[in-house]
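See the structures that follow.
Next come two complexes built around chain A: one with chain B, the other with chain C.
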Partner chain A sequence: MKKIILFVFILLIANTSFAQRYLSKTGSISFYSDAPLEKIEAQNHQVNCALDTKSGFFVVKILMRSFIFEKALMQEHFNEDYVESDKFPNAFFKGKIVNLKDINFSKPGIYSAVIEGQMTIHGITRPVKAKGTFTISKNGILARAKFPLKIGNYGISIPDVLTGKIATEVEISTNIYLKPLK
Partner chain B sequence: MKKIGTFFILTILFTAQLFAQDNLMSLFNEPPQTVYTEASFKITRIVLGQSIVNPGKGNLIFVIQHHFGYVNQGAYDFFGLDQATIRLGFEYGITNWLMIGVGRSSYGKTYDGNLKVKILRQSTGKRVMPVSISYFGSLGINTLRQQDKTIDYYFTNRLTFLNQILIARKFNRRISLQLTPSLIHRNLVATPQIDNNTWALGGGGRFLLTKHTSIDAEYFYLLSKKTAANYHNSFSIGFNIETGGHVFQVYVSNSQGIIGQNFIPGSIGDWLKGDVLIGFNITRTFVLKKPKEFRK
Partner chain C sequence: MKKVIKITGVLFLVAVLAAAYVWFFVYNKPHRNFEKAKPEIVESARQIYQNFKANPRAAEAGKVIEIYGLPTGIEHSDSLVVVVFAFQKGMFGNEGVRCTVLPDFRKEASKLSLSDTIYIKGFCSGYNGTDVILEDCSIIHKKKIIKS
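Entry: the complex of A and B
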C-alpha cells in the first residue's frame, strides 16, 4: 500500500515538474449578441489564461470590469445590473483539452481542439464544451474559439421591459496568445 | 483491500487534477487593483440638483425638465397642469472626469452654461477612498426684457453664479448619499432684503427599489439668514425609471425654478401649505464618440 502511495506521488511530482506551461495575461475575449433592437458587443483584452500542454489543462480567469462596451451606459448596466461585478468580480473557466493526443505542441501548425470544462460566471458554474483551434508557432500558441453561451444559465435575468432588446444567447470569441513560461 | 486501494488512487488522481488546475490558476498572481465605485446615481442629477455622476467620455445627454404649477391651485388650473416651466439641456463628457453643459429654461428666460469636474473617486482595493468629490459650477444669464426703462441696466445684472462641491458616497448597491455645500451669487437681487451671496447646504440620496427603479430625494437648507427669512428650503422627492439609454424621473417639489441659481435661493412654495408641484425629467444618452476599440 505504501509503495502505491509513493508511486502515485512520484507520478504526480513528475507530472507537474516536467509539464510545459504556457501563460497569457493579455488575452482577448469578446462577446456579441444581435437582438432585434440592440446589437451588443464587448471586448476584454486583459484575460488571464494558462495551458499545460502535458496534461491538457486549460484555465481562464476574466476580470469582468475589464470588458469595454461601445456605450458607457451599457458597460455600467453590465457591471451593476447583470453580472454584478462587485459581488462576482471574476469569471473562470477550468477545463481540459479532450483530443490532446491529436495535438503536437512541438510541431508548428494549426490544430483543431475540443475543450471541455466548467465555466463560472456570476457565481454559477456550468459545464461548457467548445471547439476551437490552437495555432502553434515557435514562439507561442494562439488559442481561438467561438461558442454560444446562454446567459440565463448563469442566473443573469433580463427585466421584462428589455426582453427582445437583449438576446438571451451570446456568442463568445477568444483570441489568446500564450507564451511559454520559463 | 485491492478495491480500497484503487478507489484511493482514483480519488488522489481526481483531486490531483483539480489541484493541478488551481495550480495553473495561481500562475496569474495578479497584483491588487483599485476598483472605482460606479453608478452612485442613475443619472447626472439627483432630482433638480446635480449628482456625482458624469456622462462617460464621448457621451451626450439630452435632458427635458418640466415643472407644472402648484397642485393646490385647484381645478381651475387643473391642479397646476395648465402652467409649465421647462428647461432643455445638453451635457457632454469631454473626458470621464470633465462634463460641460448648456441649457435654457423658461424660468426667467435663463440660459445657462455649466461644468462638472471629478476631483476624487470613491474606490476600494489597492487604493481606498471613502467618498467621491466633484465640483459643479454654473453661469446663468437671465434674458427677461427690462421692465423699468428709467434705470440703468447693465448686462452684468443678468448674471447668476452657482458653485457646488459634491461629496458623495455609495454605501451599498441600494443606498447612495450626497452632501452638496453650495454658494449662489446673484449680481442683482429684487430687494435689499435678499442676499447677493446665498449659502446653502444640500443633502440628497437615492434608494434603489429594483435594478432599474429608485426613489431619489433632495433638500437644500438655506444658511444665509436674509434669504432664509423670505424663501423656503427646496425639497424634492421623486421616482426614477431607467430603461437602457433613457432615464425617466417623476417627482414632487416646492421649487418652480429648475437651475440651481433659481431654485435653491428662490423657492416660494411651502410644503406645509401644499404648494407642491409635479415635475418630470426625461434624459436620453447618445454616444457621439465611441471608445477606441470600437472605431473602424
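Entry: the complex of A and C
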C-alpha cells in the first residue's frame, strides 16, 4: 500500500513540475523605430524563452545576429557598428511576472501581465518593466508585449552625423508561443 | 561654350551613374544568397555543437558552413521549418544544432527521414547558450546510411 501511495505521489509531483514549465525556441521579437532619415524594422524568429508558471520566472535569450532587416546594409550596420554582435552575440531578459496571482494558467483566457526584470544588451544590464498579455489555451501560452527601449541606455551610440535622424528609442514587440516542457 | 556643355553633361552623367550605383548596390544591395554561397567550414553537426559548447564565440559564428549528421527532429512553427540535431537535454529542452531552412527547401525538409545522414548548408548566427543556430539553410544532398 505504501508503495502505491509513493508511486501516486511521484506521479503527481512529476505531472505538476512538467505542467509548470513552458518553453519556446521559435519565439518572435521585433523592433521598430520611425525617424526622419529612416524607418528601422527588424525581426527575429529564433528567440528562446522559458516560463515557470509557479514562480512566474521568465527568461528570454536572443541571438543578435538572427535579426533580419529588409535592407542588407542596415543589417550589416546593426551587427557591426551598433550592437557589435561579434563581441556581444546574445541579449538576455531575466524577470518575473509581478501580478502572478491574477493569472490562472490552468484556465484558458487572455490575462494582462506585468513583467519586471533585467535586460542585458550590448553587455550592459538595465531594469525593464513591460506590460503584455498571456493568452492561455489548452496547448500552450502565447506571450505578447510591447515596450519602448532607449538604445542609449545600453551603450549603443549613434554617430553625431546621424543624431536626430535615427530614433534613439525603439519599440520592442514580442510574440512568443510557449509549449509545455515534455 | 560647347566644351563647357559637354563637360557639364559628362559630369552630370557620372553623378547620376554614381548615385544609381550607390542606390542599387550599396544602400539597397540584396541580401546574400546563402544557397549559392560556398561554405567556409564543413564539419559534423556534433562537432560544431561541441565547438560552441567549449567556446560560445567559436570560429563558425557569422560564416556560411556546411554540416552533416543524423537529424533528430523536424519542427514546424508558423511558416518556419527547422531541422534539429539534438545532443543533450537542458533548461530549454533538447539542445544541439537548429537549422531553419529556406522557403524553397521547406517541403523537402518536412519529408526528411530521421534515419538518413543529411548535408545542410546555411549561415551560422552563433550560439544562444543552448543551441547553435543556422539560418537560410539549403539541403545539399542525402546519403543513405549503409547498415551492416
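By our rule, the second predicted complex is superposed on the first by the 163 of 182 C-alpha atoms of A that agree within 3 Å, B and C clash if a C-alpha of one lies under 4 Å from a C-alpha of the other, contacts with A are read in each partner's own complex, and residues count from 1 in each chain.
We take it that contacts are C-beta pairs under 8 Å (C-beta built on N, C-alpha and C of every residue); 3 or more make two chains touch, one makes a residue touch a chain.
Bear in mind the structure is a predicted one, so any value in this text is a computation, not a measurement.
Trainee: Based on the shared chain A superposition, would you classify chain B and chain C as clashing or fitting together?
Mentor: Chain B/chain C on chain A - steric clash.
Trainee: May I ask you to decide whether A:Lys94 touches chain B, chain C, both, or neither, giving the answer as first, second, both or neither?
Mentor: So A:Lys94 only meets chain B here.
Trainee: Looking at the overlay, what does A:Thr168 touch: chain B (first), chain C (second), both, or neither?
Mentor: Neither chain B nor chain C is touched by A:Thr168.
Trainee: Which one hits more chain A residues, chain B or chain C?
Mentor: B
Trainee: Going by the contact rule set out at the top, does A:Thr135 touch chain B (first), chain C (second), both, or neither?
Mentor: Touch status of A:Thr135: no partner.
Trainee: So, does A:Thr125 touch the first partner chain B, the second partner chain C, both, or neither?
Mentor: neither
Trainee: According to the stated criteria, A:Asn153 is in contact with first (chain B), second (chain C), both, or neither; which is it?
Mentor: neither
Trainee: Pick one for A:Thr26: touches chain B only (first), chain C only (second), both, or neither.
Mentor: second
Trainee: Superposing on chain A puts chain B and chain C in one frame; which of 152-160, 206-214, 224-232 or 278-286 is the clashing stretch?
Mentor: After superposing on chain A, the stretch of chain B hitting chain C is 278-286.
Trainee: Where on chain A do the contacts from chain B and from chain C line up?
Mentor: Shared contact residues on chain A: 23, 25, 45, 48, 50, 61, 63, 65, 71-73, 75, 86, 89, 181.
Trainee: So in the complex, which bits of chain C are touching chain A?
Mentor: Those in contact with chain A are residues 26-32, 56-57, 61-62, 75, 77-78, 80, 82, 91-93, 98, 100, 125-131, 133, 135.
Trainee: Which stretch or stretches of chain A touch chain C in the complex?
Mentor: Those residues of chain A that touch chain C are 23, 25-26, 45-46, 48, 50, 61-63, 65-66, 71-73, 75, 85-86, 89-90, 177, 181-182.
Trainee: Quick check: in the complex, which residue numbers of chain B touch chain A?
Mentor: So the residues of chain B touching chain A come out as 1, 5, 8-9, 12-13, 16-17, 20-21, 23-25, 27-28, 30, 33, 35, 38-39, 55-59, 93, 173, 210-212, 243-245, 285, 287, 290-291, 293-294.
Trainee: Can you tell me which positions in chain A touch chain B when the two form their complex?
Mentor: Counting only chain A, the residues touching chain B are 1, 4-5, 8, 12, 15-16, 21, 23, 25, 38, 41, 43, 45, 48, 50-52, 55, 57, 59, 61, 63, 65, 68-77, 79-81, 86, 89, 92, 94, 159, 161-162, 165, 181.
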